[in-house]
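In the two complexes that follow, chain A is the common piece, with chain B as its partner first and chain C second.
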Partner chain A sequence: MTTTAPKKKGRALNSSYEAAIVLKEYWEGAARHRAEGRPVAWVSGNVPIELFWALGIYPVYPENYSAVCASIQRAQELCEEAEERGYSIDLCSYSRVNLGIVLGKGVDHPDLPYGGLPRPDMLVTTRIPCLPQVKWWEVVREFFDIPMFVVDATMVDLPIRESQRQHYLGQIRELIPCLEKKLGVRFQEDTFLETLKLSDRAAEIWLELLDLRTAVPSPVGSREMCGNVFPLVAMLGNPRTIEFFTHLRDEAKQCVQEGKGALENERIRLGWDNIPMWYNLKFFSDVEDRNAIFTYETYLRYVWGGRMDLNDPWTAFADKHLDVWLNYSINQRVRTLLHDIVKFKLDGLVFHQNRSCKRFSMGQRDLAQVIQENLGVSSLFIESDMADPRAYAEAPTRVKMEAFLEMLEGKKS
Partner chain B sequence: MYYAGIDAGSNTIKTVILGEEGIASYHVIKTGLGGEEQAARCLEEACAKARIGREEIACIYCTGYGREYLNFPQGRKSEIICHGVGVHWILPEVRTIVDIGGQDSKGIRLNERGEVENFNMNDKCAAGTGRFLETMATALQVPLEEFGACALRATEPVRVSSTCTVFAETEVISHIARGKKRDEILLGVCQSIVDRIAAMVRSIGVKPPVAMTGGVAKNPAVVKLMGDRLGLPLLLPPEPQITGALGAALMARQDILSRQNSQPALSG
Partner chain C sequence: MVRTELSQVLCDPLGFSRQWSREGCRVMGCLDNYVPEEFIHAEEMIPLRLLGSTESVTLADTFLPVFAGKLARSILEQALQGNLVHLAGIVLSNSSDAVRMLYDLWERHIPGQWVALIDVPAILEGETNHRVFRQAMLEFKEKLEKFTGKPLEAAALRRSIAVFNENRRLLKKAAALLSASPPRLSAETYLDAVLSGFVLTKEKHNEYLRQLLESCRRETPDRGGQLVPLHISGPILVDRSFLPLLQECGATMASEDLGTGSRYYWDEVDETGDPIEAVIERYWRKIPDSYKTPMKPRWLHLLSQIERSKARGVIFVIEKYSDEDQYDYPVWRDRLRARGIPSLLLDSELVLEGEQVRTRVQTFVDIVRGGAFS
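For the complex of A and B:
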């Protein structure tokens, strides 16, 4: 018989409520920066973000904005705006939301969250997470008639080779004068190194926080943590990020020391692979009714905010950007997951086959197979999308998830 | 003592009454508008066939899409677990189940105790399910019961390429208009179901012996083509449509027995 334990109300960590404030500050800061006539660049995942903060260029993340729109159930209408203009439903939903805004309502439409997106002076992207990003940016570049810079990187199988590092750094050495020339800013190495310190400090605290989630019971689940990650994406080098993450880490640490978990009766520990369904973060907390918790995510651990050895800052800066999940070979992903499943004491993995993100989704079956063969840990696959709710089928997904939990309960009993 | 399992599926509701001697009766009705009333009717019919009163049933478990909406069962389990338990009771040697129901299809791998080791199921499309077959039977004016036998009379299938039930119907109608032989189209429809779900089934790591369950297992052409595709003969339970309900009834029995501090009795 299905047993339902009393679920804890609200957030497991009170500091998680601060996430919405930080997010609002970031978007309001972007609007203010624009209004004051200072330069704004639109950037994408894994761009060398610290450079922008150090140069006084506001890095605006349309990907995050698409995720925000999804989380408040506005993504579908914006996707449809893009689809009306001939952009296929098979394209990345982050890009469709953004193109729906750019080509449809307009970036400063008052109806949009946070009053819209500040217009860009320049576009910077990288091939590390994906290739469609480059094509998406080309449409935006043509619309605004502004410069665009693409940073290339080779796929890595750790450790990173010197040639891979130099390939990446060569482009950063081109990017800096390009930003100076196009946006009228001046690069100062001292300021940049100071920004790197702030970035690394934030990453250090974030990783400590994630490591606290190896504890049984886990202090905090994925629903909250996905809401907390944003400053690690867009605000590395900003002291506010350190402040927020310190609050989270300290609170989680206290919970672990007191043996207090996010669930009263944690029975099953789960991991998640891929970008979450931003319009349906409730998916993560729904399993809590069955005493299961998502306590690990590849997305939160290996996509953003790696550590840097600042004794050799340029090498560390390059390595940090190359050493990310979306730039790993399958072999590297396998090694990483096998290690982490043991470390986080996971009973099962849920792979989100994300229709939008091919880079994240390719190779997931191989990962599941190796995990099963090596550790006897089972996986579940759900097909959906990170921002477009039309790709999510509630009833069959619930059936799958329930069956998966029943299967894991059976294994444990 | 009697136990009941109800599988409230999208297309049909199945009830199995389990007695001390095994299956006492079963009943299958169309889901229609579904809901509590229809499930209760199915249970009453099964009780009548078993010549028992409903009050003689010690425990009722429910599975299937409708399980959340029924108030009377004492337990609810997912159909994946229930199919595993049900098939293991009838065919304990089976290690993989291909279940094709009204609007979903599943691959389920079992261990030697009948516990689910791995599974996969279709997420959001009705192609490759019983509903697809029903739509095609209507378009081709063939009774569903005769669909498979007619298909097996054909030597070559007509290709039905669309992965969408609605578009596939249009494609079938155009084949009829072009004078293609009906049985060849029927075989093509069966082939398209297998094409649609074979990779999904294989993704769980198929281990022999393999059994097929669900309403579509009554179609001998789909059973044959699926066996050919997997390279294995498929075993069929005597009544492949009721294994989910049977699993639910067995779990109801286990519930009572474990409450009585007895050993679980999921086998034999």
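For the complex of A and C:
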């Protein structure tokens, strides 16, 4: 893109450099746990993560691992491994990366990032983000031949209905003894409630951090924030998450107080819907040359880590897990987005039509239509994939983005 | 001739159902195998299974990306084109993500049409899920009662169950004739017999099936002797040109476990005890479709069908973007391979693309026939 303003180099927040360290600690922790013979479960997005930390079961996130592989440009070869074994190119690329590893070189191949994925003792997944997740896990179970538990849920409109809440909690009440029995752990409510406190504290700080990005100029853009989100997915209930998020929040707060933005001359504010292209996070920072910043993401705000009212911890625990973007009906997504566009003072929305994550991508056209009609906010659709770079066409996407920014600039002036 | 009657129904299913609406019957569009059609029938409505069309999708493209799959897109297209206005309503269950999203889109873009979502779990295991499944079915029943303004009478439901069960038994008999050696029913007729059941009233369908079975009993089987018997698996097979193609390649469908076939009709409702509970139990226990977990009963069904028909190979006809089936396929393929049964995967988007499919099927049939598979 043509440079019209000087660009700030490096991270907007110094604390963001800590993200790589936390991530490394997490994966090293997993390997250590495995080596010490303690239980390891493979879990997926939106599983009741706090339970695992409270029970001393290490929750290993293959989805994150797939994102890591994508970010270091290793996803394609692993996707191809899975495709060679008959898994369609149309399937979720996180699953293809994972199945490429599991069915290909094997989970502990030294050539893999962080020395590989620790073998699971058990599989726990949920239908909350999508149905294919469950199917993917069934393939993994077929391979490892280990116990699996699936937490079901139906999609929600807020407020969550009591019956939906009870459905979720009923399964949690089945999951706990199942984990105890299969993995030889013991559930203690006190420890669990303590873990919930840690989780909620982390979520609180994270949401404060996101709210700081309503400031004009915004203290930090999407590229950096996508790199920072991981502990919210996998480490809720772990004190390290609070520590890291506090550093981020405090630094962002300082910036906002000083009126210091990630861009020197912020002119256009953008939002992003769907999972980012992990192999191409640069997409977010490229727009900065045009004085535009991505300062809002449905993915970072509503996919994990909602708040919990711990006066009623079980209800709050259930609601938090059900109250996520991927589990929202289209009507709920519309309501939420309309609210946030105003709150974050967005000039435009970029919808990633992510061919992998169908649940995220279906309904996006409705969202675009509504925000245009109700708020006059325009959107751009780009077609791609979160982990498989073959689905991304650089040149036409750039041209589209350029034109979109020009249009938004025109609207502003 | 009953064979002609069955195939005629399939030339224009919507046109056929429109006629009923004109005659004052209420037709209810149903979307998958977890809609308890017995309830609809007992409320004196005609369930019509929506299976999309092969026509191109234009209006629905605005709302659903290509990767939502042809079936969901095509059904939405039919609705947006105004081709479903004669339906009293639409019922879908919480099956695949695409179908679930279709419910939201229906509410938003097809205003004024009654639409019901049966919000059942996808995981058919565990006490909690069982309770929630039952509750979702009961809520649907209540919604239906409100819609018709009449409570669901136990006696009427018992009669409906009997009609549906008879239908299932007749279809099973047809399946047995299909897999007899030599076959006593052609694959084409079997497929027409199954698919027409989604359009006709169950009473009429039963009548046709009885006639069909009777005519098969009288006829001496004279064909199919040299055709290689194959099993067909997948979520949906509505492309009626596929079976003639198979035959031209020297093979025939001897059994199937299609979502629009035996997975739909195989399980009966227990006719003793409370009829409402019995219907619900039937759907909870039926052979799970690919979008339901666990997968084991589905696999066992597939296997038992192959054993029954002595099929020498399996063709998976899988809808493009139907993730559920795409995940199952390599697992099934490997398990079959371990048993020495070869398989072939064909992509479909309600239709199977002619020439490329022909070449692949021909090669596959040659391999199966030659026993070169290892």
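Observations, loosely collected:
As a convention for this text, the second predicted complex is superposed on the first by the 410 of 413 C-alpha atoms of A that agree within 3 Å, B and C clash if a C-alpha of one lies under 4 Å from a C-alpha of the other, contacts with A are read in each partner's own complex, and residues count from 1 in each chain.
Note that in this section contacts are C-beta pairs under 8 Å (C-beta built on N, C-alpha and C of every residue); 3 or more make two chains touch, one makes a residue touch a chain.
What you see is a predicted model, and the numbers here were worked out from it, not measured in a lab.
In the superposition on chain A, A:Ser88 makes contact with chain C only, while chain B stays out of contact range. After overlaying the two complexes on the shared chain, residue contacts for A:Val134 are found with chain C alone; chain B is out of touch.
Touch criterion met: A:Glu402 reaches chain B, while chain C stays clear of it.
Look at A:Arg365: by the touch rule set out above, it reaches both chain B and chain C. Set against each other, chain B and chain C differ in how many residues of chain A they touch, and the higher count belongs to C.
By the touch criterion defined above, A:Asn311 lies against neither chain B nor chain C after alignment on the C-alpha atoms of chain A.
Shared contact residues of chain A with chain B and chain C: 365. Listing the residues of chain A that touch chain B in their complex gives 1-2, 365, 369, 372, 378, 381-384, 393, 395-397, 399-400, 402-404, 406-407, 410-411. Chain C meets chain A in the complex at residues 62-65, 67-68, 94, 96-98, 100-101, 104-105, 107-108, 119, 121-123, 125-129, 131-132, 135, 291, 293-295, 320-321, 323-324, 326-331, 333, 345. For chain A in complex with chain C, the touching residues are 85-88, 90-92, 95, 127, 130-132, 134-136, 138-139, 142, 150, 152, 154-155, 163, 167, 170-171, 173-174, 329-331, 353, 355, 358-359, 361-366. Remark: chain B residues 65, 74-81, 104, 115-124, 203, 205, 255 touch chain A in the complex.
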